[in-house]
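What follows are several structures.
Below are two complexes that have chain A in common, paired first with chain B and then with chain C.
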Partner chain A sequence: MRAGLTILFLGILASLPLWLDNAYLLHVLIVTGIFIVAAMSLNLLLGYAGQLSLGHVAFFGIGAYASALVSLGFKLSFPFEIVVEAKPVWLAMLIGMVAAGLAGWFIGRIAFRVRGAYFVIVSISFVEVVRLVAVNWVELTQGPMALNNIPPLAVGDFVFYKKPENYWLVLGVAIVCYILIRRLVYSRAGRAMVALAENEPLATSVGIDVTRYLVLAAVVSAAMAGAAGALYAHYVRIVDPDVFLFIYTVTMVIMVITGGKGTLAGPIVGGLIFGLLPEGLRAMAFAPEAQWIVYGVLMVLVVYFLPRGIVPALQRK
Partner chain B sequence: MKLLEIKNLSVRFGGLTAVADLSFAVREGEVLSLIGPNGAGKTTAFNAITGYLAPAAGGIVFSGRKLEGLKTSQIAALGLVRTFQKTSLFAGRSALDNILIGLHLRGRQTPLAIMLGLPYVAREESELRAEALRVLDFVGLKKRQQELAAALPYGEQRLLEVAIALAARPKLLMLDEPVSGMNPSETASFMAKLAEIRLLGITVLLVEHDMKMVMGVSDRVVCLSQGRIIADGTPAQIQRDPEVIRAYLGERYKHVVN
Partner chain C sequence: MDELLQHCLNALMLGGTYALLGIGLTLIFGIMKVVNFTHGELYAFGAYMMYALVMVLGANFFVALPLAIALGVALGALLQFVLLRRLHSADIDTTMLVMIGAWIALQNAEQLAWTGVAKSIASPFPAAPLVIGPVSVAWNRVFVFFIALILIGATYLLINQTKLGRAMRATFQDRDTAALMGVRIGNIHTATFALGSGLAAAAGALLGPVFVAYPSMGDLAAAKAFAVVILGGLGSIPGATIGGFILALAEELGAGYVSSGYRDAMGFLLIIVILLFRPTGLFARKERIG
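== the complex of A and B ==
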């Protein structure tokens, strides 16, 4: 029953570009898909390891910038002379993930020292610092002029140029991320993360090294967010410092919380609803403002009536 | 043979000395109880031994290794596991998951192997599940395996706590008031369970206020008052010790026990 539903759902998703002849809608789905990958990665940190990072978009943006820069090639005169030739996009994307993962390692180490509200503040500050670097380090990032003409992903002669290809690429990455998170969650490592979120003193008393698993969650989560950022950069093919805007983190948090944090399907359900809703409402709404009012009201209703999220509410029945 | 040796342990909170110059040893295979009035420093000593608090002075040696400077998780890996005075569980998880978390040190899976889905990970997972069920069976909670820890009745929650600690396969199990809040029949069955734990070769250090239990299960009793030891002996000696009666048991105690 459950496996059947999963196959049906995946079948519909995979075949969508074949029967949906609407480039705009496909674009919305691609961007939503990229954000769902980011939301899934946030869920690992927030839903399982129990750390609220309001700076998650930093990893997304670092992945986007690092991947874009490596694929374009860049020159630096400060702090040391360095010239990087343009690299193939797949390699650039991997480097983007590694760069985001390193940032995650750093944040994970900090999270070990400052917890709760203090960590939330540190994570927000972290994004702000990264954003200021992106704005002001013009030699590297072009600042507000943005990185333009980012090449699309190419494998051999095949270029991910059109929307259907990009759609399948995002779907593929999302499935891989889902499988990785699923494996982690149902393992010794995932249980250790849950244990430290639920009851840290008890977790340490049975030998769980809190630092190790907090850092592991942060690194995996950040690398996945970085992958989403890299997908984004090579799909829209322009990256500017606005990629670090707080609203993107908020979008990810909304997707995770409404869908159900700490559930595998939560970010997908929440992501599909709150990723596609603004577009759906735009068609219906009589005034542009109404779209966001309805969005807000719906969100409040979900949080009020289903405080643990949509997926846990469905599972209970 | 001494399994755990505490030498001149002191713990201070600012100007307050919670534990002063505490020395005692736990011998392998015995049940040693630490008793004393509230605020005597029993739980503080527990916290210092297991690495939750840094002692101001003194040494702690566990099976030949110094514990100072080690993290709680490292101390647990050496075989010293404790439970908590207030009920402490992974409340939002099933009883089985609670034990699986307790089995953490028994697993060998690395994060990379997990993400790659290597076959040994799945094999180890099913071994851990079987082991978790054995542990639950030992404390009589096997039929509760799918229930949320938070939904269990109080007595069973306290048993589950001990089961989590047992899953970590301790050499020395430190129990902090395990039967507080239990009714007499729950306490009696807990005492029976403790006897079975002993048979597994696990040494027990117990902090408890239930004197019937302490006198019933202990080989030796150490009495603390205001951060220092005032008596150390067999249950029979402790019950007759005038200092202990004055500081903790009270004059009427003799009549209650006998």
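== the complex of A and C ==
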């Protein structure tokens, strides 16, 4: 029954560009898919390892910037002379992932010294510092002028220009990420993370190395968010410092929480709802602000009535 | 040397409002365990109320100021009553998400009501600055500084000298025991949230006329309030007061001697450094407030 539903769901998703003749809606789905990948990566930290990171968009943005820069090539004169020639896009995307993973390792080492509200505020501070660097380091990032003309992904002679192929690319990456997270969560390391989230002193007392597993979660999560960022950069083909805005982190957090943190399907369900909701509201609302007011109110209502998320609420029945 | 003096004076003037913002946030966190994401919106609300009272209704500046603060107190009490009253036993992540939702709704409501165009608010102070030897400072900044000091002092007195303040401190130390001693926790939470919101609105009402009022002005203010609170340690009022001045000094010196583009990054760098070496903030006292 469940396997049948999964195959049906995947079949509908995979065949969608064949029967959906609406380029705009397809675009919305691609962007939503990219955010679902980012939300899945956040779920690893927030849902399984139990750390509310409100700086997750930093890794998304670092992945986007690193991948875009490597694929465009860049010159630097400060702090040292360096010239990077333009590299193929697939290599750039891998480098973007590695850069985001390294950032995750670095900030994980620092931020996991503290917990709770302190951790939340450190994670927000981190993303603000990164955003201000992106605005001010004009030589590297072009600052607010943005990185333009980012090349799309190309494999051999095939270029991912059009929407359907980009849609399938994002869908493929999302499925790979889903399988990776599933494998990680059901592994020894995944059980250690859940144990930490449930009761940290108890987990420590049976010999689980807290920092090691939290940093592992942060690195995997950051690299995955970086992959989402790289997909984003080579799909919309422009990156500016606004990718670091707090509202994107909020979007990811809402997707995870409303879907159900710590469930594999949660970010997908929440992601589809909150990815498509602004578009649905836009059609009805008389002003763009009204759309976001409804969005905020809905968020409050979901937290009130489904505090553990939609997926756990459905599973209980 | 004169330049350094001027930077220090600017920091002193700015620090008062940062402290106001930080005290409001630290009180709400300390007593209610709520990370208040609507704090910046209350700040913006204060500024917009000044605009509405002074520029639209034509009220006197000095009458409008206490009115704007009172409206901020009322909005805070309303938010606590509608959103947080039933969440008193929810975990910190849940309340945080509710506050994020409220923040998005409030900010867009502000934009809907006042449009995205920045509003300037006329202030009755002379344009010529006050010159003291080698340094100078605008009259409206001096006014802001002294009002901020008065409000900080009044908050101290309220927390340390009144019956309500004693109940607040008791709730901070141990909510359950305070409830057993007959403290009405719900009322204390409403009072705390209203007070914290009032302080944020006061900061907005004071700084709105110095700068301009615009819908997203609260975001940066909230970010700075968080920085101040972390610097001082969550739940510590003296910490938030000193933290406000430290943040202002770091920003002034950073903007003056490093790069003005990184002015707003100083607070965040300071947070990261402080948490590396003193994870509980500079002045954290786990067992006390006030």
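Some notes on this structure:
Throughout what follows, the second predicted complex is superposed on the first by the 312 of 317 C-alpha atoms of A that agree within 3 Å, B and C clash if a C-alpha of one lies under 4 Å from a C-alpha of the other, contacts with A are read in each partner's own complex, and residues count from 1 in each chain.
The definition used in the following text is that a residue touches a chain if its C-beta (ideal position, glycine included) is under 8 Å from a C-beta of that chain, and two chains touch if they have at least 3 such contacts.
The structure presented is a predicted model; accordingly, all values stated were derived computationally and were not measured.
In the three-chain model built by superposing on chain A, chain B fits alongside chain C with no clash.
Once the two complexes are overlaid on the shared chain, A:210 sits against chain B while remaining clear of chain C. Contacts of A:218 after superposition on the shared chain: neither chain B nor chain C is touched. Within the superposed three-chain arrangement, the count of touched residues of chain A is higher for C, of the candidates chain B and chain C. Once chain A of one complex is fitted onto chain A of the other, the partner contacts of A:150 are absent, as it touches neither chain B nor chain C.
Of the two partner chains, chain C is the only one that A:122 touches; chain B does not reach it. Taking Cα centres throughout, chain A sits at the apex of an angle toward chain B and chain C that amounts to 80 degrees, reported as a multiple of 10.
Of the two partner chains placed by superposition, only chain B is touched by A:194; chain C is not.
Superposing the two structures on chain A brings chain B to within 15 Å of chain C, judged by their nearest Cα atoms. Comparing which residues of chain A touch chain B with which touch chain C, the overlap is empty.
Note for the complex: chain C touches chain A at residues 29, 35, 83, 86, 90, 92-94, 96-98, 100-109, 111-112, 219, 223, 226-227, 229-230, 234, 259, 261-262, 264-265, 267-269, 271-272, 275-276, 279-280. Remark: chain A residues 52, 110-111, 113-114, 116-118, 120-122, 124-126, 128-129, 132-133, 135-136, 246-247, 250, 253-254, 257, 287, 289-290, 292-293, 295-300, 303-304, 307 touch chain C in the complex.
Touching chain B in their complex are the following residues of chain A: 180, 183-184, 186-189, 191-192, 194-195, 198-199, 201-210, 216, 220. Contacts from chain B toward chain A in the complex involve residues 50, 52, 71-74, 76-77, 81-84, 88-93, 97, 100-102, 104-105, 107, 109, 111, 114-115, 117, 121, 124-125, 128, 164-165, 167-168.
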